[in-house]
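In what follows, subunit A forms one complex with subunit B and a second complex with subunit C.
Take a look at the complex of A and B:
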């Protein structure tokens, strides 16, 4: 069993390990127009890190899902290629003075360490399921802390700086929220799925069971909305609804949730100026092409220039006075960068990788032996999948743009570490279910 | 002239890159299909009942530790030899507890035992809903409910 799993993972990993260095070389040739390989330090370091993670996982007897590492290695590799061909000072130079791609590689390596650590170290998940209220409280405290001591970047208060190092607590809260909901729902699932109290035409589960969850959840939503981080609010809400539906199998919750969300959105439109700006820019970016609608118009141009096959790695994304047309091309709009360089085919391939990741996550949940682990896997998988859905749809002008990162592709340490931690948990859960007698 | 050759070569390589990307997905989906086939075959053999009990701890050896017990929708637990799950332990009553599957979930009810029935370390006073992964204790015997 262990042997065949290791080979499956290696066989899936092999084309990824060919693809990424080739991408780096192509991006270099595309940019300078000379037949040379360019600096190979980053692709070689990437190869070493991914192979080391693979050998470490299997060497330590981890028998988790063999698809997860190859999928995230491919997504992370494509992200690195794109970040490597963008102007290296796009994100502003960090404390170490490295460019964007080397910094991302550093975080990528740390992320792999976190993933392997969680996958191997999470042998006993008792401390997760038994202290669910403590986890809920921890998440809430982190949220309030962000609100009070956080720094504002681009109109949203979502960074905490400890000395020179800043991190986005929302990435951590995402995971904590899934742990809390999984613990709570695993315990009350049976009661919640059988309606007992009637309020008007609605069948509602007994309030004492629903209330603690609604209180904590309402609190989280309130704080996120106050901190003006709407993409994250949408993400949390989606994860909550998904887990509630999976736990109870009742469509009425989902329907009710959508109504609530719709009402909340309309309210937010009239209450918050920055929401109005986003929605107006989405409805008609041409009303204000130089300011409000600028990013979204440039992103659409990028997709259009890319066409079916793309401009070629390193050949798209024209610089205007040394700047990319979209300022946030390295995080919020990295999908547009993929669309321009690799075209419809490349962008579809990235989305297919994301779909595979979600599929495997749900597969892990189905195979999990008990409710808590199954719900945790569903919640974490949903958080990755919904985040990808929200940001790609925002890039393509299908929904108003809200700033969340594209997991594994976007530039940023918090996002990478959190995403890799999630994959680590999925590996740990699938390991446990493959080893039960 | 050399410039043109370079351009054509680069174009070919770029299409090669996209082809490799699509091929990688093809590789994934092929492995995925064989994995799904194996999974559904395994499912058919292991997932017949509505649940099972794993014996986590049993000092007296009846039921033996590590044994998987198949359980029906109405399962009695106790020291009575007619109980569905016969437990040999001096601290267990003859008719200790009743495990029933109703609608979507398993419920556990104490049958007025002397020393009580416990779920995840809490003594139960009335019928409680169980989730898979919960641990039932009676006397010194511990059982885990699994799918």
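Take a look at the complex of A and C:
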């Protein structure tokens, strides 16, 4: 079994390892308009890192899902190519002065290390499930810490700086939240599925079990209010609701949860100016094209430029009058750059990759053979899937725009490390299920 | 047991991805075209700064608007102020107008006339190819017409009645747009200088000027009256001779005749009334027609709705003319018969643009069929030379036109207009438009003057409409409408201008 898995992963990796470096070269040609390969350091390093991760996993006897690494390697590769054709000082001057794409490659490599480490190291998940309340507390502390000592970037309080190095705690909280909920729900799902208390027409679980739910809801709303970040709140809440649904099978919880969130959002719309600005810009960006609606309008223009087939890799407009066509094109709006370069066909393919990742993750959950591990896999997979849906739908004006990253594509260390850690966990869970008959 | 829920979650997420792909398809496929050509799209603006743009040629191949790219900056230059309003301008700072606006996507290559080209350009990522336009207008006639107006304020529209090709369309005062279509940095000064001049040079009086038509409206009234059967050319009104002197009361409102210059009124038929330009006679005709029939007749002639000058979807608009109060839904009802009677001889709330009157005249000349006006003759690949290329991508054939009166009515009105120029009573008025006076012999001229009263002590606007050759078996080559603001009676200013412009065209067309 192990031998065949190794070959499956390698066979799946092969096209990725051929096409992504080719993509780097094509993007370079598209950018400079000359038939030359351009610097090969980044594609070669990418190739080496992915290959090393593959060999390490298999060499250390990891028998996790063979689809996961090829999928995320492809997504990460596309992200690196896109970041490479954007102005390299877009994210500000980083500590090493490398430029955006090399820095991202560094994080990509670190992410692979984290992924392999988690996949191999998480042989025993006892410390995750047994200390669920400690994890929950840890998440809460992180959240509170962000709200208190966090720094505002672009109007959202999302960052904690330790010296010159900043990280986004929400990426970590996302994982911790899934661990806590998996532990909590695995233990209580039997009770939660049997609603006993009636409040009006709604059947709800007994109070001692309901309370933690409401506490989580309160926390999520606190994120909206204090961090000014609707996207992260929606993501946390979405993860919470999906795990609750999978654990209990009760749609009414999901419905009730969405109603709560919707109500809270409506309240936030009337209470907070920044929420109002975002929502108004979503409803009619052309009412304020120079300010509130600017970002989304420019994103739509970038998508439209791509058309069906795209401008070609590396051939999206890098700068218009000294600015990127869309502000934050390297993180929140990287999908717009993908759409510009690769068109409807290419962007749909990236979404198909993301969907495939989600389905492999859910498959891992189904085969997990244990409630805790299944719920953990569901929560982490849902966090990736929902995050991708939230940011792409926001980019496309399907929902109000929110500032979350596109996992594996967006520029940023926190997002990459967290996303790879999640894949590591999924690898570990699928390893256990493939090794225990 | 959990597996079922996970599968349902998977389906829900799949729906989510499908929705996002749908959104992607909407913006990248369905809405892409309209987004890519939005004028506020910064990529469009940036590209336009340095992008070449097709040349606009007159019918003889003289460049009217061309772009040169120097130091990465595109400069648009215009060679002839007589075309300023029709050709318009393409300025990064002040936007687009005229043909430059209506044909922007073809001139800058965003829309390819050939769908296959467009598709290949999209697929292969080729840069758009620009196209040149050739107009139906002849620069020689246009310049001649503008020179006739000289420093006066006014407009001239000339149309080939058989095809609808616009031959000349000029408005004074004019302007040179070249000052604000080059470097955006220095555009403001040039623009402000033009905007500060009197009589607003930016207004296109030919298309969008709204004037009281005065007596030229009697041509429309005659056409409506004859076509509806309300009157014939032999109709007389027994009380008319007396009313010429004492005036007539309609709904308590006194209608009086204009100064007949000592002429003794008789019992006039329609031809005599047209020659003398009798207000009383045409007030009677209007009352015979009645409010509703007059209104629907005027609408059929093209009043009450904006014009579109073709070809096809690249239309230029022209302001709506009106016989009553104009609303969004068209002409409102007549308030009373006094308003109807006044409208019938071109006063009251009647308004007309020079374009409207030129087209009405063309319909009479064309046997009752109002031709579809158009200003662009063909599209050619962009030429780097001074003249147009021989290769034609698309050429525009005349439209079918619209029948607005019977051929018999048109011929009767033609005869009335010929009488107005050549008849003994008409000669003192529209006789000044006879092309024989301007070197063209053996050709009958049809015409009608108008003197649009403006109230107060303001001098009236001077109008003329007419066409040549206007004989019973002639095939008219040109129909014109001329207005000169504040220039007094039509016979003194607009009629000779109209005559000269028509004569000049017969010379130009005859000479090749």
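Annotations
Keep in mind that, in the parts below, the second predicted complex is superposed on the first by the 427 of 437 C-alpha atoms of A that agree within 3 Å, B and C clash if a C-alpha of one lies under 4 Å from a C-alpha of the other, contacts with A are read in each partner's own complex, and residues count from 1 in each chain.
Throughout what follows, contacts are C-beta pairs under 8 Å (C-beta built on N, C-alpha and C of every residue); 3 or more make two chains touch, one makes a residue touch a chain.
Nothing here was measured: the structure is a model prediction, and the numbers come from that model.
In the three-chain model built by superposing on subunit A, subunit B and subunit C fit together without any clash.
Looking at the shared chain after the overlay, A:287 reaches neither subunit B nor subunit C.
By the document's definition of touching, both partners, subunit B and subunit C, reach A:371.
In the superposition on chain A, no contact is made by A:44 with either subunit B or subunit C. In the superposition on chain A, no contact is made by A:266 with either subunit B or subunit C.
In the superposition on chain A, no contact is made by A:214 with either subunit B or subunit C. When the shared chain is aligned, subunit B comes close enough to touch A:8, but subunit C does not.
By the document's definition of touching, of the two partners only subunit B reaches A:356; subunit C does not. Legend: residue contacts after superposition of the two complexes on their common chain; A:306 is shown touching subunit C, with no touch to subunit B. By the touch criterion defined above, A:70 reaches subunit B but does not reach subunit C. Subunit B and subunit C never share a C-alpha pair closer than 6 Å once the two structures are laid over each other. Shared interface residues of subunit A, touching subunit B in one complex and subunit C in the other, are 249, 309, 312, 343, 359, 371.
Within the complex formed with subunit A, the subunit C residues making contact are 1-10, 13-14, 16-17, 19-21, 23-29, 31-33, 35-36, 38, 40-43, 46, 122-123, 125.
Across the interface of their complex, subunit B is touched by residues 8, 11-12, 15-16, 18-19, 22-23, 26, 29-30, 33, 35, 67, 70-71, 74, 186-187, 189-191, 193-194, 249, 309-310, 312-313, 342-343, 345-346, 349, 352-353, 356, 359, 363, 367, 369-373, 436-437 of subunit A.
If you check the complex, the residues on subunit A that touch subunit C are 242, 245-247, 249, 289, 298, 300-301, 303-309, 311-312, 315, 317, 320-321, 325, 339, 343-344, 347-348, 351, 354-355, 358-359, 362, 365-366, 371, 374-375, 378, 382, 385-386, 389, 392-393, 396-398.
Listed in rising order, the residues of subunit B touching subunit A in the complex are 6, 9-11, 13-18, 20-25, 27-28, 31-32, 35, 39, 54, 66, 68, 103-107, 129-133, 146-147.
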